[in-house]
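In the two complexes below, chain A is the common chain; its partner is chain B in one and chain C in the other.
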Partner chain A sequence: MHEIQVGFGDILKKQLELAGENYELLSSRGVRAFNVMGAIGSGKTTVILKLAEELRRRGIRVGAVAGDVAGDDDFRRFREAGIPAVNINTGDDCHLDAHRVHHALEDLPLEDIDVLFIENVGNLVCPADFPLGTEMDIVVISVTEGDDMVRKHPKIFAQTDMVVINKVDLAEVVGVDPQRILADYRKVNPHGRAILTAAKSGHGIEELLSALGF
Partner chain B sequence: MHEIQVGFGDILKKQLELAGENYELLSSRGVRAFNVMGAIGSGKTTVILKLAEELRRRGIRVGAVAGDVAGDDDFRRFREAGIPAVNINTGDDCHLDAHRVHHALEDLPLEDIDVLFIENVGNLVCPADFPLGTEMDIVVISVTEGDDMVRKHPKIFAQTDMVVINKVDLAEVVGVDPQRILADYRKVNPHGRAILTAAKSGHGIEELLSALGF
Partner chain C sequence: MHEYSLAFSIFESLRARLAQPEMLPSRVTRRASRIKKIHLRQGELLVLSHEALKEAWRIITEGTELEGSELEIERVPVRVRCPGCGYEGDAKYLAEEGWHMRVPILSCPRCGARVKIVEGKDLAVVALTVEEEVGAS
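Moving on, here comes the complex of A and B:
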């Protein structure tokens, strides 16, 4: 599930090395890590919180990294849910990178964490180019964004392992057909998994957990 | 309304020069241009289409530039509405820049255009750093994105002249209070204008036009 691409030059090479180191560190500590990407407002934080709730019910310990250009809204939501978390503000950068994540790993109590969710900066462009060293890359999208996001951002959907189509309970209200999004996704990523959720109500969370191997 | 910032080094300096040239060209041809930014799915294209509909009713001729990483969904919507338009695919870039816009201006029949809407790439991070040479910078956001986008992306909101809070008809369904967004916006941009719209139904479009000076 962990795919590495080369050819972007020195910057990406260095990023891949650092991502590899993160991957080794996480593996050696027995931590399964997931890179959760998606546009602002797609519901990344809520999806993670719902997954964490169910995982903790099963005795699995969860940690989180909150990545944002500015602010600590998501970080505070994780902490309020009792999840060990680190906040990364990227300033002008539109993505997390392996170096920043490495420092976050140093600040987390990895010995108390079985599963780490790394919430990336909210957009569908930049995060695609920066591997973090996670076991799996996930994109969360919301039907409220329309039905054209895969056609507009084929790269991130082609590269990632799984797409979560969230807020499907609002599909009718906003007049968007999730099947249209699914059809576009299958074109750019025939082997990727797709899960439909309405995370706020918990719909689809069990299925997503199972798809993540829990 | 056209604010220029310096200090980002050579790249921004060059961009500012090119933006200045675009501004001169547009002014000399009597074209009022607007840089329309916002996350994917915020409703930028629909807002522009509704503005164009009303402007054309008043005998004002509208043109458009559609900026996206990939695809031509927005471009086709403009063309189907009978609007002269140019599509810009940025590839890996998460924003339009003045150079790309300059080439688009060469491809547009500026003599037949009074108002030009330039729809930027859909995210709240990168477009903030690249002036295009427009008269005004506008950010379109949707209540479906949550209420934290200003806190997460203060820079773009501080720099732009106007924020359009769209899809307010869905505010109750998604449990988001537009007044909370407005309060955050006023903190980072006390002098910016804010207009509430539900563009699909045309709600707020008249007020927006008036705020744009029509």
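Moving on, here comes the complex of A and C:
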């Protein structure tokens, strides 16, 4: 038996290159894009809808990509709110990737969009490995998921730019202390921003917007 | 659960190189069926189930010249670069117990600023173990 050194480079390099192309395309059109990740039911869509509402009030044009394994529920919610949107069904894939997002960008009127929210598939494991070419990666978690979400998925939280702890108005009812989630997040990601929201009522949305640079 | 597509990417890139002998040392190309092991390096930030990747590899290679070959995966620590003080080296890891996983912290071990990842999210083929033909030089 012989061991022979070969170098194939990075298997995931193609993903990085495609993400880089998306980033270039978005920048060249003056679009700021955000990758919104988080578990199913954490409130990603509601957070995006509330952000969009406030941004539009300020005259900023918003677009959205809805990523789901199946169905078009989120997509329809965006469309009903008057947001230009594209639906991506991954068909059992657990994450969006740069290639799929690239096609979505082709179908969006980028010249009429200033800010693009890309809602990833509800999952806290795989989306972390697939950069999309966005300016920032945001994870939305809700207190109803328990206070141990960061401890259960440390890798995604260690890398993300910002965490939104949503549904804080329900914290007492479900017996979860948002401060504990916050403390765990600070440990794995000392530089990440953390914003507490109750998106449905609009609580924390202003603060989140300013953290996003608006 | 993207292990299957990763396994397929490894399979495709390995086959592409087997089809272009000039891209591999001659000992490998003489008989592709003799590849016994494919050595991979995986950055520790990459979320990857070794078990699922190996199982996917078994399924994908079935009936091909790579059938029976195995993946050997080595986890390599995350390396970072600090735009602040210029540090380049291993990332700091969460020291506290009870996380049941090595968690890299993207903070400079020297000055505490936010660092960039140099290595740690990659999956690369680094070596092949091949069986020599009996009597071959």
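Methods note: the second predicted complex is superposed on the first by the 203 of 214 C-alpha atoms of A that agree within 3 Å, B and C clash if a C-alpha of one lies under 4 Å from a C-alpha of the other, contacts with A are read in each partner's own complex, and residues count from 1 in each chain.
The definition used in the following text is that a residue touches a chain if its C-beta (ideal position, glycine included) is under 8 Å from a C-beta of that chain, and two chains touch if they have at least 3 such contacts.
Treat the numbers as computed from the prediction; the structure is a model and nothing was measured.
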Query - First, second, both or neither for A:94, with chain B first and chain C second - result: both
Query raised in the report: Given the touch rule stated above, what does A:83 touch, chain B (first), chain C (second), both, or neither?
Result: neither
Report task. Go through the superposed model and pick first if A:198 touches only chain B, second if only chain C, both, or neither. Result -> neither
Query raised in the report: Of the two partner chains, chain B (first) and chain C (second), which one does A:129 touch, if any: first, second, both, or neither?
Result: both
Query raised in the report: A:73 contacts which: chain B (first), chain C (second), both, neither?
Result: first
Requested in this report: In the overlay, answer first, second, both or neither for which of chain B and chain C A:151 touches.
Outcome: both
Query raised in the report: Now for A:41: first (chain B), second (chain C), both, or neither, which partner does it touch?
Result: first
Report summary line: The intersection of the chain A residues contacting chain B with those contacting chain C is 93-94, 125-126, 129, 151, 154-155
Report summary line: As the complex stands, chain C meets chain A at residues 1-2, 5-6, 9-10, 13-14, 17, 24-25, 27-28, 36, 39, 45-48, 94, 96, 98-99, 101, 103-107, 112-114, 117, 121-132
Query raised in the report: Okay, in this complex, where on chain A does chain C touch?
Result: 1-14, 93-95, 125-126, 128-130, 151, 154-156, 158-159, 187-191
Query raised in the report: Of all residues in chain B, which touch chain A in the complex?
Result: 39-41, 68-71, 73, 92-94, 121-126, 129, 142, 144-146, 148-149, 151-155, 167, 170, 173-174
